[in-house]
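Labels A, B, C, D, E and F are assigned to the chains in the order they are written; within every chain, residues are numbered from 1.
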């Protein structure tokens, strides 16, 4: 995404023509048009990222039981709202401190709130406006929290989840992100994470892991040490969700080029689509081999896995590498789901396998498939981001647990969070066996 | 008066209805049910976790008839529901003390039809 | 022959099934039901309008057994369903005149199992 | 003891409940059902194909009562459910041998209420 | 949106270069590119507005009972079709009469049908083509009708609704709209409604109010004078709908800049997103305080309320004002729903609280938060538009009621409109208690 | 879509300025901006085409019974993945052989895999990059297969369907497409199919017909020679699907202009929207007249019919012609559904009536309504494409039938494909009468 130094390069590059413009009153339509089209694509990209929140809402609620559906929808509706607001208050300023580093290149802060710099909009960085920058980055911010939402579903208290989200998006996500995208020490090391396999997906995945460990498995998930199928109530919804995520990912990855540069963006899109397709095929095959029958929800996870996997390197690997990254992701996610189940780590939607495992894999893959980047640097990045985000998430969840408790009562869990936390079912009137 | 209750395979509902209509039994109440019996269940697989399911989908019929119609009703159900496979279902005949038509308040044998 | 009917809490279905299986009662029919009893309902809230709901989700079991199995069936249901909370449910035992296995046409005591 | 079973029009459930409550009958179990009777069905049309549907939505009530309450129960149901249109439904009264409250193990007449 | 005078300004501005172009045969790629990108954004904006129709369909059907679901989907599918066609026939010509005013600056008509003016496409107004103009405006047109659809759901006759929609979109919406966006008297007064808090949402909301008053509440809504919960059958669907509306609103507001101007559009998008987020938070809190539990459907209404609220001033208020506008909207909508329920005004989806209340609030907010515009003018606009659109809608519904009846029979309402009006259920085979 | 010769014309046109650029080091922002905006629109168009796959998934699963829902979702998720991958391997090279024709202008092949030509991206064709080209064409490729998916639903084996799709998309679709869009003999004849009424929709429709004929009707569809209503389980889902298809069609048709040319694209969009709207209205009326009640699923089919109908001529007919084409399509599809039912051709979703009938109608309509094109040529194109694609599809299905069987067993069909092929239901816990 945004590299600190590109910023300066561009700025210098633009300084000259800007002077020229001042000299001559004739409007430079070409420059303006280029600015408009770059800005437009980043804005549209942000909208596509926005629709991913609906994707998450559908996948997570579809893979949960009907009795908890309203609760999940509620969480997923509030997540982008809280994320965007808290990012406006200070997240954006922590993630992109510009020159305001406070502690080494580890922590910076550019000041509270949003402040559009004076002067012509094009002067901001020549590619898009300050508002577009915030709009795009703000949409990204909440996705990390949404990833947690699915993993802790069906047993976390609504209030605890909302608190966690607010804190995590306000502080942890931007802090860690600033190391790379904000021009911090990982960026100096030449660590590459194009659109966020690490800075978004792993950051979310590690928090999910912390949450799951502190919450424990859902009632009924393990009977005599054996994992039981607690079936998602609506496969149509889950499929709609995955397609919307896939669709939104074109913006997530494509607009992370931060311009409409035809050569880069189009390659990114092709790589994104190929990785997702390859992962679908490999997840289908892995599912068929390992489970006997092609499982829809696992195959859908495969698609997301491929998307997460290609996110770090979509701009710098070849199409063949993209296919390989996708194929590996599809297998990885299938094995991941089976493995986590065996480890008594109860993740209703497969968030760990998708976002954590494949986030790490995708980041490392950059070091493997792109000659420009080193595997070791990528490893350092993954380790540093992972330990800090896991630690912070664990700390936050732990504190919330001690202070208010994070898990609903047993009766609530059995009756369903919808009735107890919201007083209303998701599908009133429909008859279903609620013992499932 | 008897209340005939039957649990049958869902896809046999239409043939049973037709067999009963052929015997001039037109009044039936139907409920969705699950049944657990000798019939083998199936393996439910979801995200790698598997479970033997032995509650299978069935349809429950309840038919109130006068005593002289009991045998015809049983015959009709058997004709429509039998496939000679395990799981075809059961018929239970319960004694019934009284039957009332809500609309008219009629009681007993006339109320049934 | 008796038809044992029970209304239990939905989440007790599995324990009840296990308790019955332990007593070698394998044949059960299950239906979704709503029950209204002494158990307190809950308040349904929707867009500011609220309503006391007193029809709560229950599961209905129907088990046809020979007379000598009635007590075991009742025991099994109680073992699996009792939580000592209001709303645990009821068991009703009805006399049954006849039982027919659709597949074979067998009648009476053999047909039940 | 008797088990009163009634099939009524779905939209009459609330009036029936109120009429029963007014008679101090508070314990009811309700099931979703489909009924086929004298009431005319409707024509289901889908993509040009049409079919006469004669299984209409009904609600099934099951109420266990002591013998002296049977008439009141019937009265209550009729009061709540009667609209004088075909399809109002039927009430069946079955003899019941035993009734057990799962929570306490009480049996017989006390267990019913 | 489109101001009559901007049109002329632009035209003059473009006249000179156009002459130049004629003189020199070298193509001006810069001008062409700028034209293309502006035009592109308006076209994409129109597509986003289109998807709002799906949003409305999902929200309205999700918040209705299962037995009326097909009927609502049917209405919402026909609405954009009828709206777009009737707008092509004469609505567009009434709304944008250009110089063809017939009665003062109150009513004008530019002629039947669509007529692409001859000459190069860029000459139309230098920003987008004639067809793009119509495409965007036509998409807007039907949204006003769709608002009515939800409010009168579950009891209006299909035929009456379709008649009403056709008349309202053909005549009333464009007539009222011409006063502001078409260069009429409200525009002269310097009344500001950027993207339609008044011209779209209030216009729809007032019609909804007229419809509800003439129809009366649904059977079972009031028992002994107390409002009963007639629960929507599908919260997932309602949530999908709200997210799609939110998504589409980026086009609704963003493309109402009528160009891809980076500075304006990006600010509009940020304001839109902030207002929606703030309204979600305040509606959640208001719901929790007033109702005891956070109600999903009310919170979703909050989101829409914030979007309606910011629509009038998204281009001219600060981000802080946008947040305040959103916060107020969220509280307003919650109180509105409770109030209308108390007044025996039965609005199954909360359309009045969302579109009418917040439409009015958003329009007034422009006068409060933007120094450029006067509160009094805004009030005049709201009052004028409100009285005419309410009066007209009441008249149309009243006439239809007298002529054909507008409400289905009691049996139809009890059995459900799906079975009686369409002969088919929305979810055949699924079991649900139909007494609800 | 892409005409071989335009390609060359453009290339020549660009050669001169390209030389100029080399001479002067000053970047030509105007040219770059124009390139970016054209490229951007084609990329966005491809994303819109992508979302059509979700539309197909929703329509097809919504119009099928609940017991087969997972299976359909599975097929529709795999279809774009397989389509895109196989198109990368060789489909793209068959469809656009450039000068590598092997057999007359009938069959060409440009080589395995994807190869971005060296040199600046703009040199590819001045409008968009090589990757954008592939991204857009690859998205198109799988839509033809998806059409088949719905028609053969509820009875085809998963493995057979996937095999068929892979073969059909890899060979047949691109081969036939190369005749027109790849610069083959139909292009030479001046046959016009703007966005694929023939090359996509008929090609899919003919394959669907072949599949249906070899599979036979679903169990229970015909009782005593009378067609029975086997009701789709979820009208909400079907409606969501149609709206998404409608939305995606703006990209399907709009981006088939292969540039963001304001004049052309905006006319195409208006025509597309008008045809769909008109078809909705005529299908509603036809449904009401022929069936007595307005059927939602038939009216939805009407919308798609109008979209298919306008696809061939959206760029070259007047708005009035677009409306007429739409009106006819709406009637055609209604009669088609009734007719195919009478002919014992069991098509659960109406794919034949929508894609085949209206695909043919739309192609012929170009010859009728556009003075530039001849009806006879259009007829030749339809006949040639139809016979080859029907023949090929029949051959493939026939071979698969002989080799592995293409239809599931009777028990599987009765129990539902979800339980047997995937071991899991789509809506676990929900109660529904499964005898339907």
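As a convention for this text, contacts are C-beta pairs under 8 Å (C-beta built on N, C-alpha and C of every residue); 3 or more make two chains touch, one makes a residue touch a chain.
Only a predicted model underlies this, so the values are computations on that prediction, with no experimental measurement involved.
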Request  = Check every other chain and keep only those touching both chain B and chain F; list them.
outcome  = A, D
Query = Minimal path length between chain A and chain D through chains that touch?
reply = 2
Task = Could you compare the number of C-beta pairs in contact for C-E with that for B-D and name the larger?
result = B-D
Key: Computed distance of Cα centres, chain C from chain A, in Å   = 47
Message = Based only on mean CA positions, could you tell me how far chain A sits from chain E in angstrom?
response = 32
Query = What whole-number Å value describes the gap between the mean CA coordinates of chain C and chain D?
reply = 18
Remark   = Multi-partner residues in chain D (2 or more other chains touched) are 31-32, 34, 44-46, 50, 94-95
Key: Shared interface positions of chain A, touching two or more other chains   = 28-31, 33-34, 36-37, 40, 44, 229, 231-232, 234, 240, 292-293, 295, 297, 422-424, 428, 430-434
Remark   = Chain-chain contacts, ordered by label, are A-B, A-C, A-E, A-F, B-C, B-D, B-F, C-D, C-E, D-E, D-F, E-F
Note = Listed in rising order, chain C residues that touch chain D in their complex are 2, 5-8, 31-38, 55, 58, 60, 70, 74, 77-78, 81-95
Query = Touching chain C in the complex: which residues of chain E?
reply = 226-232, 290-293, 295, 297-298, 337-338, 341, 350, 431, 433
Message = Could you list, by residue number, the parts of chain F that touch chain B in their complex?
response = 414, 419, 422-424, 428, 431-435
Query = Along chain B, where are the residues that touch chain A in the complex?
reply = 32, 34, 44-51
In the complex, chain B residues that touch chain D = 3, 17, 26-32, 62, 64, 94-103, 105, 111-112
